[in-house]
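Read from first to last, the chains carry the letters A, B and C; within each, the first residue is number 1.
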């Protein structure tokens, strides 16, 4: 303890302590909220269609129409299924913040409870893709990472980039990054085809293949940076930038030092 | 005499009695190299080349340059069990099974990038300071040759691992060759050993990449450096530096220690970057198959501007008599680069034709004192930068919330508008810098001290500049336009009136500059 | 043209002020120690390299802020190598700058032009030599020499002939034939029309004899992208519309510009984008080019279903797929 107190007045002590405190609070909070979420999920299953309809009328109907029949600026939701609602609302894309190019991922507006209610309401309008059961999402057990990688490069990499970092589409639209996306949402996106993304039917990419895909994405997410800092995993552009800024910059700096006279 | 000296003496005697080298070596050791940071850029090129030779040799010990199919069963889990080429599998093995192998791969790739960047920086230094002028035109051309070779060598190098990104690059390369009228299709089939991707390209470019091209490189670099040695290095103007001398440190010991040390520094910096920053993570790209593609498929930066040109090309093809000519490929990928590299190689002769200057030059220009050349250089850089920006338009679009269509239109218009604009702005900037020099010479520097004159006026005190600085500021030559008459002394029209007119016009444009401070003006100032 | 004024004599090298290490023995001693420390740092780097190579396991990862999880062995070897090289260099330069004599010296240049006598003599020698060859007089030798050298230049070119086969019709043909089934890639499963919902895409390859051993040169021209739209979304000519099946339309996935895989399908705008050069194709109008450098629409594959309801090609592609080439008849 004596040794520790020696560093008490060190100038880094303050910030370090602050970081430790924040980390502790953050961890405690996230553990606590996780337990809360779990208890909510069970409750959410029983959420009524009526409750969802009320939320819909308040939050969605101004664009999607009173009966979800769609409007001038928003598509019909009849037949999109519960999976679509769970994806769009669960990732915060809906309700949309601004109507410009595309719906962006943000903190969800509705909690899981309300999302589930909305989903069951929309699902009640017409049959559509259902939210995948948690038991069907055991990608760790059922997936094959190498097969997933091949599927990914064939079906996903052209938009989401070779490492799932996202990429550009036309007219300012873009395919978002897949890092940090919940497996459930990845699955839902594939079966519903949100926004620019096409649908990947269960018949052409089987559920087992979808799990393989998710396993590969999750492995890419967790993969350590094997060769050093990755600079975004977006290919040679950042590498070229680094060569000029750090490489040539550093060497010119040393050349200047080398050629100035010592005093 | 110490025993060490005695031993060295014996060895030197042994060599000299057989080669008679004492005279030459003695002279060489007293060879002078002037000091300036920008003179080190060429050394960065040479040292990166040595690093490339060393790290490249290391890689060849494990690399298997073959397109034969293998099933991967190595250490990298996410690719296990996949079919891939032996080239790709062995690159994975170098990365994950050879200790330090990934580091060596990264050193090789970073060194290649630094090599190309240093070549470009060195070329710009030589261009902007006019170091390419007589008698150094040969060396300029050799330099352009090295740059061109570097582009090809780099393309071949990053294509060897046969990953998804480099395969895409080769796909584009094959489409460019295939677009050549009449012979293109045949050449593609011969080069690739069949329809793309063929069976022979990887082993063939391997031979070119590790044997033929490095061999040519070695020869050309040797001549390049020997010419610098023989012609002696240029120097910036300064007191005691003239067209007939060269001032600096001798080879032994200072220059040798500094240059030798700098090699280790370049190697160290390359190793440092390779230790902390990943480059070309081929295990993430996956093995190449022509049916797959990744968003943001870019070449390395030195090819990026060419890719940018291809992206912005108009959708033009000629279909006639059962044949197709792809202007959308030929113009950006072959014709424009061809014109650029040819005119770059010929530039020393073009400039000397415009100025009519056939003298030797060993003192470098300060870029501002030759506004036309400097503006031309900045114009070229602007051209390449616009193309380069378009080459990364998808990456820029996602990272800066732009649209690829906007960037494409910006580049399509910008490639025509921005370079001339850069020319005009640079030329004006050079002229105002010349004016500032003139002011400095005549009135000295502002000291920031205010002085109240007896009649109440405030003036700022100016301090005269040092004689050394004053010397540099007026050491350049006043540019004068060529006098070319259309008729000769006897009143007969000279042949080539159009050529004369062009030369006169260009010469006039080239000679625009601020008048130098005359002796009289300087004397007047001294009397104040 | 020469410098108009020389306020100070330009022929004299200015005297350098002595460095601290030249005059002050303390500074000199300190500089010497600094150089020694730098060399020692290099040695430490080498030890770090050796240690990491031998004693650090391959699968140890350490977390470093900004850089993320790093392989300890790779980082140790790299940083060790960087240190051992970098500090040798810095030490040598510091040594040269502070302790080695820093007096500049002057070399003189000479004009490169040879003396007039030398040049005249050279011209004479060359002329004599050429005269000795007698090419001007001996027309027969001259002509046969020309012919021999000309013929000699041919074999090296000829010897390269076996680098590859002749193109023949390889660029014009694919493995799509009448009745060829469309198989998922990867997976090689046949597809029912009902497998695709509206807005769905599938990457497909033709059914061939050995689906696991497709040569890459086949994959470079065979891939097809299958897209399902609402039939009313199409704005096609009757012939092209007849090539679709219940709203399912099939295009070659190989870009008509430079052969990249065009597979970025935007379900809402119904545009296909090539990630290489941003050529954009409008699927509803038969993959017409609406942006970018591609000059031709993507070739469309005529599809239908077979007796079992699986999607098949009704006919081969009616034009070559992929990038243009000289022999391509594009009319």
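One rule holds in what follows: a residue touches a chain if its C-beta (ideal position, glycine included) is under 8 Å from a C-beta of that chain, and two chains touch if they have at least 3 such contacts.
Everything numeric in this text was worked out from a predicted model, so none of it was measured.
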{"item": "More contacts between chains, A-C or A-B", "value": "A-B"}
{"item": "Far-end chain from subunit C, centres as C-alpha averages", "value": "A"}
{"item": "For subunit B paired with subunit C, centre-to-centre distance based on mean C-alpha positions, whole Å", "value": "18"}
{"item": "Cα-centroid distance, subunit A relative to subunit B, in whole angstrom", "value": "42"}
{"item": "Distance between the centres, which are taken as Cα means, of subunit C and subunit A, whole angstrom", "value": "32"}
{"item": "Overlap residues in subunit C, where contacts from two or more other chains coincide", "value": "67, 74-75, 78, 93, 97, 102, 185, 203, 261, 263-264, 275, 278, 291"}
{"item": "Where subunit B touches two or more other chains, by residue", "value": "102, 106, 258, 261-262, 265-266, 269, 274-276, 291-297, 393-394, 404-405"}
{"item": "Residues of subunit A engaged with two or more neighbouring chains", "value": "150, 154, 158-159, 167, 170-171, 173, 175, 225-230, 258"}
{"item": "Subunit A residues within the subunit C interface of the complex", "value": "147, 150-151, 154-155, 158-159, 167, 169-171, 173, 175, 193, 195-201, 203-206, 209, 224-230, 257-258, 261-263"}
{"item": "Interface residues, subunit B side, partner subunit C - complex", "value": "30-32, 99-100, 102-103, 106, 135, 168, 171-172, 174-176, 178-186, 188-198, 200, 204, 231-232, 239-250, 253-254, 257-258, 260-269, 271-272, 274-276, 288-297, 307, 310-317, 319-320, 322-326, 328-329, 332, 360, 362, 393-394, 404-405, 408, 467-468, 470-471, 474-475, 477, 516, 518-519, 522"}
{"item": "Sites on subunit B touched by subunit A in the complex", "value": "35-41, 44, 77-82, 95-96, 102, 106, 110, 113-114, 117-118, 121, 164-165, 258, 261-262, 265-266, 269-270, 273-281, 283-286, 291-302, 304, 392-395, 397-398, 401-406"}
{"item": "Sites on subunit C touched by subunit B in the complex", "value": "1-8, 10-14, 53, 58, 67, 73-75, 77-79, 81-93, 95-97, 100-102, 104-109, 111-112, 160-161, 163-167, 170-171, 185, 203, 205, 216-217, 219-223, 253-254, 257-261, 263-264, 275-279, 289, 291-296, 322-331"}
{"item": "Touching residues on subunit C, where the partner in the complex is subunit A", "value": "16, 19-21, 61, 66-71, 74-75, 78, 93, 97-98, 102, 184-187, 189, 191-192, 194-203, 227, 261, 263-269, 271, 273, 275, 278, 280, 291"}
